[in-house]
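Two complexes are shown next, each including chain A; its partner changes from chain B in the first to chain C in the second.
What follows is the complex of A and B.
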């Protein structure tokens, strides 16, 4: 068992692009679920919209990169409106089912054979990240952190810099937004919609704003997802992604600014720790009843189980306040 | 015309199968206002339970009239076992927690079950052939042909739905269910145990899903770990379409979904690849213009 390898891989994942992507996705869900009580089960669709907007604009149509970013932001707003208009006047469960179905449909559309020329079918799209990496401030080479314990190449460093700056920016904006009267209305809606309506607030409009903002943050996560891998593949944007993002959010603590950040780092540390650990154990013949191909599924099983246990025993997560999220007994 | 009639029949068969899942959604929702997202997986494990019995337990040359009931029993037993475990371990501890918490555990249960089957069921990483030990051949009405398995589904599903309807309307437990759905607190004062009623609802829904799983398997002759998720979404849409909480509505909604999927796959641009999309468009339209569904009552749907 090479413990050095296991720990360094796990630490790299904990601060790496995966953590950034899931952190942003979870911040989006935090606005929707944590603060407003909207159950968006289709966050994967917003990431897919972001990723494919850049990929399609640059790789398929040969248009500038920043136009792709703009298109992604606009389309994510439109998607949120499309999902919100029929459902936000109804009970929270309806949004859940419509978003989960919409996420599947977005995935089916981008992977379909009929639109292969535009979206690249199941292979997805590549060759669209040049403009992004052309802006790289790090000269080419390997960078090691903590005395060589973990390391990234110059492209990885650029993704980390841009990604964590975006996370910080979004978090600071939300910190102030949630302390403002506007943020208090969102939290009040989560607790008791009728009371807020009775106070003369337009609940539908506030919910829609939360849905749109969360979706746009999801699209930003999609930008990082596509750019960090220089590729957009349809099957990465399945319901598992949304589910992982919820796990991240609940692990860190919903309705807390630091929740998604700590949740994402810890989640990916544990994910890769388990994965590399199991693979090492299998390769070194410590565990003989599994094979390497089953490791992925075992990971999912552990996470599924972990999330259920978390919700039962510590629904407020690491940072959460039980008064904020758990005591809405009905 | 022949194509149209054939597609209508195919759609009705699919609708009958989806309807058996939709009944489970609509009943659980009616009683405890929970969308049991993992109900599709109950259907999926039922199909694998029946497959296990047919493939590994029953002898090769068993006759279909022995095998079919045996497989139904196996599927129902596995489905009920999983549903009861799910209710006990994942939902009951969350009573009194945030109203949306069970929805997230449901998603967790769903992924957990899919991966458990994928890892531990032999060969489940790829689609599995469902045993074809039954009546081969088909019924021909003019130009339209229906596999006998399809005829069976069209006969059994409405029959079970009708039986369920009568049971809920007439029996003691059914009355307890309706009372709990209407007002859990008052029902408790009348001596009804909501936990028992909830468990019974999960068991009945799982039993129907188990029967549906066998009918699905012998009709489409192939199962994989994703059938629960996909058909679960269709079934939920069907339940909403018909008016969630209504048994007749769930069946009606399921037939509509089957027809839309089958006809859109044939006639609308994009074909079978996008039939899913049209079902979703139908869902959005219903939610916009008639959120209570075809047979639902308007109150209680608004947030």
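What follows is the complex of A and C.
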């Protein structure tokens, strides 16, 4: 078995564009769910809004790339308001139901035949990322990191640079926000919103702010998603994406700034480690009772089992505070 | 910090205000801070609250008593904006408060605690306290990002919080999670936290329920202190000994309505009150209508209990079972 290949693939995935995308998506959920207790099951919709804003602005309308970025940010704010206004005064589960439906609606709209001229139907949109790669600071070529252990081409390097800088920027902003009295109000709302109301805080407004901020970060994840693939395809923005982002968040530890970052890197490392490992084992005849076509399913089973074990032995995630979990049991 | 004479004078002043008032429901007070008119709240066919007129005297400790299910908690919920009344108006300091959302009611200086304690378990004790402070600059997202803008205010708030924690004997628990406190300590914390907002009217829903006897004395002392500091207290309590000990005036509710008011030492001998309380423990054989009504009430109560969305639909569990 080629362990070098297995590890280098896994490491590449752990810092690669998937990790960045799911990291940002999970950071958004961390603001909403981790800190405020809002169950947004439609994070995929915010990524789709980000991705399609750039794609449509550039590929369909031939307008500038940065206008697309601006439109994506504005639309994600509007989507959050649209989802929040009717639901945030109601019980928590209403938001979950509405957001999961909204995500499907967004996906069905962008893949619809009627709007094929605008959104490209099931094929999606391409040819919109030139302006982004035109800004690339890396000259064309292959780049190897850690003495050739892992490597990316210049486009990959540009995505990683922009992506991780965005992750760092967003995380630092949230670090300050969550340490502030503003963050204290969010955490208190997560615990008991009536208690917070009784102390004179406008709970609705804070929940809306959390929803908007998390949604905007989701749209940024969508930018990276579309740009890294130079393509926006509707079926990538299914509910599965949201649930993987939740997995990343819970793996790393909710309500911790580093949670989504470590969670995303580890999640994608393990996903590819298991996948490449199985493929290698089958190809090299180490495992003979499986074939390569079964790897996809087995991969999810193993990762799923791992997550179950994590939740049993470390329910707070990697960075969570065990004392907090203990309080729930009281 | 309060001289004994000051202590006496506030109490004396409060008692003087009630001097010679009729023991009638809705009797006008010399200087009411809270005036309530025709507040009605129905849950389906059940009228939980139907208060025609009520005034709460400024600077006094007023007890709100009544059998379980009388509507005391529901009435609190209406007044503080936690539930929407079907009808009625009320003013606080002359300002109309009906229809005002809960957080604005609190900002106006009318704060309440809950029958089921709402300590924020995963916040530390001192963070709980800080949360209670009003007009915090750092509670704005953008200002929050720049610590220089709120650090100063935060340290003022913190020393205020520490002062209160010392007074409430919770200072040793300053950095513990609120969830690790005992039931009585949580009640103390909730009260102390409410005081961080410098309220004028403090509404306590069963502050002594579930508190061990060793702490009740200190809780009573704190409630008395609130009056000495010029606050008005309206509190719900079941234990008549405590009510007699600390209240200046007592309002009695039964089946949603205010049925009597009066000074604590005479109110329990009022025939309407005896009726209301004994009605709940009926020894005499029931008439058919009464039996049916009790059955309906029991049913309504069960549905309310099953309804998880209620403010404290199952709060009665904690508070004993007068109704029997």
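Worth pointing out:
What we mean here is this: the second predicted complex is superposed on the first by the 301 of 330 C-alpha atoms of A that agree within 3 Å, B and C clash if a C-alpha of one lies under 4 Å from a C-alpha of the other, contacts with A are read in each partner's own complex, and residues count from 1 in each chain.
By definition in this document, contacts are C-beta pairs under 8 Å (C-beta built on N, C-alpha and C of every residue); 3 or more make two chains touch, one makes a residue touch a chain.
For clarity, every value in this text was computed on a predicted model and none was experimentally measured.
When the two complexes are overlaid on their common chain A, residue A:104 makes contact with chain B while staying clear of chain C. When the shared chain is aligned, no partner comes close enough to touch A:19: not chain B, not chain C. Once the two complexes are laid over each other on the shared chain, residue contacts for A:201 go to chain C alone; chain B is not touched. When the two structures are aligned on the shared chain, A:271 is found in touch with neither chain B nor chain C.
In the superposition on chain A, contact is made by A:183 with chain C only, not with chain B. Which of chain B and chain C touches more residues of chain A: that partner is B. When the shared chain is aligned, chain C comes close enough to touch A:173, but chain B does not.
In the overlay built on the shared chain, the residue A:41 is in contact with chain B alone; chain C does not reach it.
By the touch criterion stated above, A:236 is placed in contact with neither chain B nor chain C. Contacts of A:91 after superposition on the shared chain: both chain B and chain C are touched.
Residues 91, 327, 330 of chain A lie at the contact with chain B in one complex and at the contact with chain C in the other. Residues 80, 82, 101-104, 106-107, 111-114, 118-123, 127, 130-132, 134, 136-141, 143-147, 150, 154, 177, 179-180, 190, 193-194, 196-197, 309, 311 of chain C are the ones touching chain A in the complex.
Per the touch definition, chain A reaches chain C in the complex via residues 91, 173, 176-177, 179-185, 187-188, 190-192, 194-203, 209, 213, 323-324, 327, 330. Remark: chain B residues 33, 35, 37, 89-90, 93-94, 96-101, 103-105, 107-109, 111-112, 114-116, 118-119, 125, 229, 233, 236-237, 240, 270, 273-274, 276-277, 280, 283-284, 287-288, 291, 301-303 touch chain A in the complex.
The residues of chain A lying in touch with chain B in their complex are 33, 37, 39, 41, 82, 85-87, 89-94, 96-98, 100-102, 104-105, 108-109, 112-114, 193, 239-240, 242-243, 246-247, 250, 293-294, 297-298, 300-301, 303-305, 307-308, 311-312, 315, 325-330.
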